Amino acid sequence: MKLAELTWQDAGEVSKDVVVLVPTGSLEQHGPHLPLFTDSYLATAAAEAVEARIPDKVLLVPCVWLGCSGHHLSFSGSLSASFPGYEDTLVQIVESLLPHGFMKFFFLNGHGGNGDSNSVVCRRLKADNPDCVFGNRGYFKYIPDSVLKSTMTGPLKEIRHACEAEASMMLHLHPSLVRKDKLRDDGLVIDPEINGLTLHFDEVTEEGSFGYATQATAAKGKALFEAAVEGAVKELTALAEGFVLKGI
Amino acid sequence: MKLAELTWQDAGEVSKDVVVLVPTGSLEQHGPHLPLFTDSYLATAAAEAVEARIPDKVLLVPCVWLGCSGHHLSFSGSLSASFPGYEDTLVQIVESLLPHGFMKFFFLNGHGGNGDSNSVVCRRLKADNPDCVFGNRGYFKYIPDSVLKSTMTGPLKEIRHACEAEASMMLHLHPSLVRKDKLRDDGLVIDPEINGLTLHFDEVTEEGSFGYATQATAAKGKALFEAAVEGAVKELTALAEGFVLKGI
Amino acid sequence: MKLAELTWQDAGEVSKDVVVLVPTGSLEQHGPHLPLFTDSYLATAAAEAVEARIPDKVLLVPCVWLGCSGHHLSFSGSLSASFPGYEDTLVQIVESLLPHGFMKFFFLNGHGGNGDSNSVVCRRLKADNPDCVFGNRGYFKYIPDSVLKSTMTGPLKEIRHACEAEASMMLHLHPSLVRKDKLRDDGLVIDPEINGLTLHFDEVTEEGSFGYATQATAAKGKALFEAAVEGAVKELTALAEGFVLKGI
Amino acid sequence: MKLAELTWQDAGEVSKDVVVLVPTGSLEQHGPHLPLFTDSYLATAAAEAVEARIPDKVLLVPCVWLGCSGHHLSFSGSLSASFPGYEDTLVQIVESLLPHGFMKFFFLNGHGGNGDSNSVVCRRLKADNPDCVFGNRGYFKYIPDSVLKSTMTGPLKEIRHACEAEASMMLHLHPSLVRKDKLRDDGLVIDPEINGLTLHFDEVTEEGSFGYATQATAAKGKALFEAAVEGAVKELTALAEGFVLKGI
Amino acid sequence: MKLAELTWQDAGEVSKDVVVLVPTGSLEQHGPHLPLFTDSYLATAAAEAVEARIPDKVLLVPCVWLGCSGHHLSFSGSLSASFPGYEDTLVQIVESLLPHGFMKFFFLNGHGGNGDSNSVVCRRLKADNPDCVFGNRGYFKYIPDSVLKSTMTGPLKEIRHACEAEASMMLHLHPSLVRKDKLRDDGLVIDPEINGLTLHFDEVTEEGSFGYATQATAAKGKALFEAAVEGAVKELTALAEGFVLKGI
Amino acid sequence: MKLAELTWQDAGEVSKDVVVLVPTGSLEQHGPHLPLFTDSYLATAAAEAVEARIPDKVLLVPCVWLGCSGHHLSFSGSLSASFPGYEDTLVQIVESLLPHGFMKFFFLNGHGGNGDSNSVVCRRLKADNPDCVFGNRGYFKYIPDSVLKSTMTGPLKEIRHACEAEASMMLHLHPSLVRKDKLRDDGLVIDPEINGLTLHFDEVTEEGSFGYATQATAAKGKALFEAAVEGAVKELTALAEGFVLKGI
């Protein structure tokens, strides 16, 4: 079900076993070839596809589209929440629904930069509501490594930023918004290797994207997107239906 | 222009005379007959209609759909931001764009409950950026009183909540989301009159709406909506083109 | 009753039906002719006059004199609270009294710039204490339009800032603090009209006041002030005595 | 000068060598014999007396009457700020005046419970404005020990709470507000001695006061009050006129 | 160099190329066999070992031992910072040193639960200081997978909580604090698999540890610890000496 | 008992009559002769000495070493918490233990600059937990005046900063960390006397210390330290064993 379209009476009748599903995106630069709303388009599309397949198991909330994008702000048009503000938005959504009996909440993320805060939010909510279930994961994490490897043709077999994978999924879902004439390979890495540094995108790219976007095709995008949705559907179904904990 | 669809390079080339236009809505109960997202649907529609008419004068930001709806939270499905969280969201949107030269910002509001905070946000931003221009107004405030009076047939000639006017505009814009069989007149008032009290919607209504929704028609909705858009286009054009201050 | 003058044992014996009445003012520029404390003088005077007439129906708290005056800070001597600090002051006053059984709270405002926050405070308090009653209104809002129109002689028949009405009431209540030789008409408006903009007083005035202060007389001030007190007494009496909600 | 009574033009002409003087009080229980506003009455009286003697050396701000009184909240009628809210009020007063050139700020305290925060506020302000001067002290601290000893007749030769000294000063300044028939000795101490514990007034008193209030007289009150004012005048004059730092 | 042991004059003479190294730990339950301070003991030991090997390349700050441990609080003795408080501690440490010219900061983490906040802190600091370098990583992440696999004998070849690896390192570094008679294998997993859930340690363990602690030996601990230190020394040396960014 | 070394099962068995003892220090400049960690070394040493003498009466928490040191930040290497961050750290430590039944908490302070906040923290905690006991005191306050006077040979018979007393205790406890060749007398005072000013250490000293450090000896340090520990042991024992309140 889509919460936006329900009346309050409808909402009151929804089974409390459903997973409240909150897509989280961003509005931030995605290189010269993808629109600023890319992460929100993709997270929304993934969440809507999940809802379309298991409508009685999830309650879909509209996309929280303002993400944590401080590392992109030197590129015009990029918007960023503050960390506390972003976290508060997610917390308030959940705390509005808790008194009405909803117990299971999942943030389906479309922007890597939201990951730290999505995790913190779940931990804060869990501390206050230990009997409820909170989870978060990037929609793209549901794509099995095997599918990444078999589908992607560029040297990087993973999701980065405005990369082969994101550009492909945008070609699949919103082809008119992709500047096909501006698709571009980009990305800089530290030499020698030093793990764990926090770098801005004007340091690690030339024009804002990271990966091999020139390899993007709609067909690849369809393969990746479907794999993501399939994985999410499987795990969110399990979450709606219940799970047990057993010894390692 | 729609910010969501631009690339960062496009955004960098936008004229700095444009008005950055941010619609603000809510996801809250709208009686038994309108969907929870009503305010966001209407604010978004108004803002998009403005953008469609003067695309080179406004830069449209996606709708901030999580509003200040604490007075509706006892109705299932309603979501509310905290006041500080809501304000922070608006402030961060503006502060992301200020360093890139944008100077004029306007919040086009679709939910009365956001009004206090939209005003506070403009005042906070103005204090820090006295040379920039900040404004906010309900899209429905652009409807002239004369149009309200000539269009509405119920006893209340004003916009309230899930009322004749809102239901009419939803019938005009999203007819499939209106529960026509559940349209209902509702509303309670204090006796004797005491102005200024803060009351929740479970105190001042029986089922969540306030006004004469049974009077709603799509034709009325079209008249009201068009009048709102026309008024907003006129004033936002003036804002983009510049104004002077002259003595009373 | 005046809370300041009670002992804690007196306070413990006050009927819990009383309205706790909190005047809110400011210390901010009021043109070349009125003192910085004008709003606090007037809000205090109004609240004290109400208490004098219905002493057993209200519990008068001292004036919260530091208001939200950021739009006046470029004029020397003006002081402003932050929005969160101002709100916290009001909230703490109420939360100190709630555990002792007080149930009805009303902020009688003397400074337009406090209005957004007075409303937000009532909404925050109501969310946490849904069975209590919270309200706020400008004392000047109790003056009927008919009285404004019959009393004021300048072109603006409403309360603005250090205007005909405020200067008149100061001449009535604190004549020695009015610089009669400096009374001045002032005020600038946007051309063409654009509603909803947030402007500072150094933008919309030449020397800080807005209105036709040269029209001010003590007699007018008495008429306006008495009308305000009469209206407030009537509604606060109703609030102390209880009200019902009935269908529109 | 009294800031409240100035216009903004007056304020602009004040010498920037003056000490901005902010009295801080409370509204909290003072036993069965003194009114809730006692600390604010006394701090205001002391600050006004200082201003009356050296009007060109101080700029008197109205009393910040809502203090940090959490330890009295179990007594009806007591009000308390939160610590951050109280601190913010003081900080905002100062930060409103700093841009207009004022450089010297002093909080004259009338309530022991404000002491921690008055100190923290000065430290926060000093960190941000190292070239300005910030200070705070209880008005009662200016009374020399010798005067306390020669004036007070009860066993405790110091200022406590609603005690011989405070009751005496209230008899001197506001005799009609003292419940002479309810003057009472009160106070409990830890046995065995343990320094540094934080205790509430419902733990360390029977009815709210601490000290030998039955010893209070207006004559003692006059002697103590005058000594306090004399000491404050001397040091604040030095502060207005400037000081140097020299080696120990 | 160890900051704790320097004077301010020493600190002033330290090369500004050094990496300011801040170990972050916790005080939280580590099963029936390891002490509450385990993470802080290990992070401190790792950081001190790094400092001992490259003393002129790092400036060692004392361990921030109060970590983000909300998921352990149901076990007695566990302490947890709030997320904002923990982050503020790290930010303030850095912001105290920035004005003195230090440019490179690295948080060496010993507690997985600090990871989200360590990342957020680096991102917040980077946003305000884009020309400085901020990084964070678990000390245990420097252990190559090959070493984990060749050293650990239990089924889990990774670092979990009070597990084979942590117990081994504690046997190597602080053998007297390990309750050898209470070493225990523990841990529960979700069935069917659902990624991304936030679970507390009283849900995913029987007595607080996760892993095969009965496999622990001091020799394994030495091997793992030395590998971690070696890896950290290598990367932090590179950070002190400088790096470049080159195209992928 | 030392909390750091306990397991959670040990902690669960600790008597709830114990005083949870939290030393608070700083890392800040201590003149040219003492290391930055001086306050933390001394507070830790005092707390550990107390624990060694009455191990079954106190539960020792590791030192909160990041203090409120804003007044020292102009000296390189000094670190300071923010006031809210410092307070939050202390509050969270206590609030982690309260649910497990601990009732008595004491902050043993080693840095004067923490005093305001240690007091505020106790007041905040007491307001929320009126049945628990909270206290705070400088370890040095337990030294009787008579001991200060009989032991110290310089003109100042009190503890200041990096002074005769602190340098002596460091010579007693950590002689290798004292720069004996740099011991120095320092300190500036206001002339004429003005009490209550907030001054930074770069204003009131020449090189950071205040007092007669050239008079320091290890023997004096031993005498002062032992007196402090003896006093603290006596009062904390009383706190663990219980106390009553009796009339003055």
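Note that the chains take the letters A, B, C, D, E and F in the order they are written out, and that residue 1 is the start of every chain.
The rule is short, and it goes like this: a contact is a pair of C-beta atoms (placed from the backbone, for glycine too) under 8 Å apart; a residue touches a chain by one contact, two chains touch by 3 or more.
Bear in mind that the values here come from a model prediction, so they are computed numbers and not experimental data.
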Counting one step per pair of touching chains, how few steps separate chain B from chain F? 3
Taking a step as a move to a touching chain, how many steps at least join chain C to chain E? 3
Any idea what the CA-fit rotation angle from chain E to chain F is, to the nearest 5 degrees? 180
Average the CA atoms of each chain to get its centre, and name the chain whose centre is farthest from that of chain D. A
Any idea if chain B and chain C meet via the same residues, over half in common, or different ones? same
When the centre of a chain is set as the mean of its C-alpha atoms, what distance in Å lies between chain B and chain E? 48
Averaged over CA atoms, how far is the centre of chain A from the centre of chain B? Could you give it in whole Å? 28
Expected list for chain C, residues touching two or more other chains, is 73, 84
Taking the touch definition from the header, please name the shape of the chain graph: line, ring, star, complete or other. ring
List, in order, the chains that make up the ring, beginning at chain B and going on to chain C. B, C, D, F, E, A
So in the complex, the part of chain E that touches chain F is made up of which residues? 3-12, 27, 29-37, 40, 61-62, 64-66, 73, 75-82, 84-85, 88-89, 92-93, 96-97, 99-100, 177, 179, 182, 208
Along chain E, where are the residues that touch chain A in the complex? 68, 70-71, 73-74, 83-84, 106, 116-117, 119-120, 122-127, 130, 133-137, 141, 155-156, 187-200, 203-204, 210, 235, 238-239, 243-248
